[in-house]
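The next part holds the structures, each set out as structure tokens.
Two complexes follow with chain A in common, the first pairing it with chain B and the second with chain C.
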Partner chain A sequence: MNNFRFTHFLTSNAHLDRDLTDQILSHCSRKEVRKGTFLLRSGEKIQHSFFVEKGLLKQYAVDKKGKEHILQFAPENWLMADRESEYFDQASSYFIESIEDSEIFYINKDLILQLAKADERFIAFNNFLLHRHIRSLQKRITQLQSAPAEERYLDFIQTYPDLTLRVPQTHIASYLGITPESLSRVRKELADRHRSHS
Partner chain B sequence: MTSKRIELIAKPNPAHFVGDGFRVHNFIPSYPGLDMKRMDPFIMLDYNSKYAFPASSSPKGVGVHPHRGFETVTIAYKGKVEHHDSAGGGGVIGEGGVQWMTAASGVLHKEYHEREWSKTGGDFQMVQLWVNLPAQYKMSAPKYQALDHEKIAKVNLPEGAGIVEVIAGEFKGIQGSASTFSPLNMLNTKLEKDGQVEFTIPADHNTAMLVVEGSVRVNDTDIVPTDHLALFENKGENFTVFALQKAVVLILSGEPLNEPIAAHGPFVMNTRAELMEAFRDFNEGKFGYLED
Partner chain C sequence: MNNFRFTHFLTSNAHLDRDLTDQILSHCSRKEVRKGTFLLRSGEKIQHSFFVEKGLLKQYAVDKKGKEHILQFAPENWLMADRESEYFDQASSYFIESIEDSEIFYINKDLILQLAKADERFIAFNNFLLHRHIRSLQKRITQLQSAPAEERYLDFIQTYPDLTLRVPQTHIASYLGITPESLSRVRKELADRHRSHS
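And then the complex of A and B:
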């Protein structure tokens, strides 16, 4: 039995048995990538989803002025995919880049499609992941439309408890859709509130 | 009393940068045989071996980061470090000085090359240690002990062999300058060529020696070169250090706390739940605020 987080992710979340997890793992490749490696560039097409065994990925779009907008981070135990390119065969609008030295499982699209036809346990698991992902995207859209910066930040630290120590403020601000100055203000106000209470 | 023998001699790991101002070799916990449990209560030792930093108009260093659950001890051999924290504290650690920061329940701080020193640059050499706190003190109030070189207790060795600076603990009846939360010794030892000194340290203390300058022979048997760290067995009490050249060695010893360790990044607690709480408190601003 191997000790990959990926194996644990598959067995504990989906209750997939050994045969199925072995089958999935044997069709995935594990790669070590250095910090700053592009796993996908805008304009490319991709055949894989990614599972982060170790390290950290970011997925982002770059606007016409060259500004980076971070859609998602993927630390350990997270999946990252660009559906537009992987499942709709279109050139991607996103970049996926490692922001730490990382170990990544590349999950081939054909494997997912094949399992999604053949294995009920996998179908249920895959549906669960998709629903969970869509739920978080829905929440994120509403937050970006209407939530104050502090609420977005508090949700961010719930989702990604250790990223405040792993990525620069500018990355967090980009993800939250606020300026780094606003993020500084939010953090300062939170600290001040705690100080006045203590 | 029996002699304390060397268990292993660690050569410096490849250097990496912490921020852009500290080029360090990590000994504890990454060197095989020098993990947190073996070295308890010393949970981290980064050694910036002598390295020439070029002049820089903006000081190099490490930006704002938190600590909880332990103490950081910075010993400046060459160069100067300036630091600031979220409690409004700050200062400069000059050559020969020591800063002993008890992070305990939590501080945010940042450390940079001192502004004026930065403008000329030069040789930079430091040790940074993390000393674990006993569980009962992990959430106590943070504090600083700024020990300038002049304030550190010193013992002159006979026959002009050299001098022992008692940063913490005790040597030949002289008490160290820093107060500690568990029994430990931190002895900065400067020896002339052919100078010799004998240390007596309890057998159960986890004990190590870092050679900062020159090279030494230990117990007439083992040679420990510059920038190497020797770990001693937990048997016997006495060992001698003989300077093959003019040498500076840092002796570290501590009684193990023997408590569970849950560590992630800059937080070192006893349980996973306490670690999660540390992240939550930091993220929610309970460590205060410090401008980058």
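And then the complex of A and C:
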């Protein structure tokens, strides 16, 4: 057994045994990618899901004016995919790009689709991942519709504890769906409040 | 075989055979509910998924100020559920309420969870539903982040062709994440443009 985060992810989170874990790993390739590498471009069909062994990915859509809207980040131990493109075999609406030098496991799409039909343990694991994904998407929608900027920012910090230091403020604002100016204001208010309490 | 929309939904969309369809139907109950009935309240664990045989449901969150934010509508032939509450057995963040007198199939949660483990045909069907759900949630997020109000409204019309006449404007504005005033403006502009072209 090797010491990859990915191996640990599969055996601990998914409770997959060694056979299945080895089978999955043998169908994956591990790549080192430089900051600014595109793992998926909008308009392409996704061929892999990605597990972040080291580094950081962002997934985003670009609107007609060329503005970037970040759907999610994936730091170490996160999976990133476009389930829509993967399952429906259709062109993706998203870009996936590394925003740090990264080490990524490329998980073959066909492997996932095949195991998701045939292997009972993988079915259960995949089902868990799909529902967890739905949970996070539902939360995103409700937050975008209703939560005040400060609440969104606090939730961002909770979801991605160390990303406030690794990611430019413009990226965080894009993820939160607010302007960089609003984000500065929120951060300043939180800092002021913190100071007055300490 | 009966003539319910739900039976047709299961046999045609899901390609489930008669045995499995009968099994599912025998675990469901069909209820007539009056307009304004709560099928789920925020804070409860969901016990059923719902198929709309006739009528109309809305699913929404209520923010701290008491404002309603509509996640989705379900007219005839639509399913409505909270996959998060169902799968993780946790309190829902949503209300589900009938906004017309409706005829609803209540699909037992345990039946779904059980079939999703055991029956190959149902696994495939459920997998399809989960991915379709993810597709629609992803689209909602990108739209909320980036699409202009007019584009959101046109997409609403495409998704729910007859709902513009069945649903109050305030509901549509809530779903779109815009003010009722913005919605009026969008509708007026579209009507003006339509007139000038005809």
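Quick note on the criterion: the second predicted complex is superposed on the first by the 198 of 198 C-alpha atoms of A that agree within 3 Å, B and C clash if a C-alpha of one lies under 4 Å from a C-alpha of the other, contacts with A are read in each partner's own complex, and residues count from 1 in each chain.
Going forward, contacts are C-beta pairs under 8 Å (C-beta built on N, C-alpha and C of every residue); 3 or more make two chains touch, one makes a residue touch a chain.
If you're wondering where the values come from, they're calculated on a predicted model, not measured in any experiment.
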item: Contacts of A:69 with chain B and chain C, given as first, second, both or neither; value: second
item: Which of chain B and chain C A:194 touches, first, second, both or neither; value: first
item: First (chain B), second (chain C), both or neither touched by A:164; value: first
item: First, second, both or neither for A:134, with chain B first and chain C second; value: second
item: Winner by number of chain A residues touched, once chain B and chain C are compared; value: C
item: Which superposed partner A:123 touches (first chain B, second chain C, both, neither); value: second
item: Residue ranges of chain A touching chain B (in the complex, touch as defined); value: 154, 157, 161-162, 164-165, 169, 184, 187-195
item: Complex interface listing, chain C residues touching chain A; value: 61, 63, 67, 69, 71, 83-84, 87-88, 93, 116-117, 123-124, 127-128, 130-131, 133-135, 137-142, 144-147, 177
item: List of chain B residues in touch with chain A within their complex; value: 65-66, 86, 264-266, 276, 279-280, 282-289, 291-292
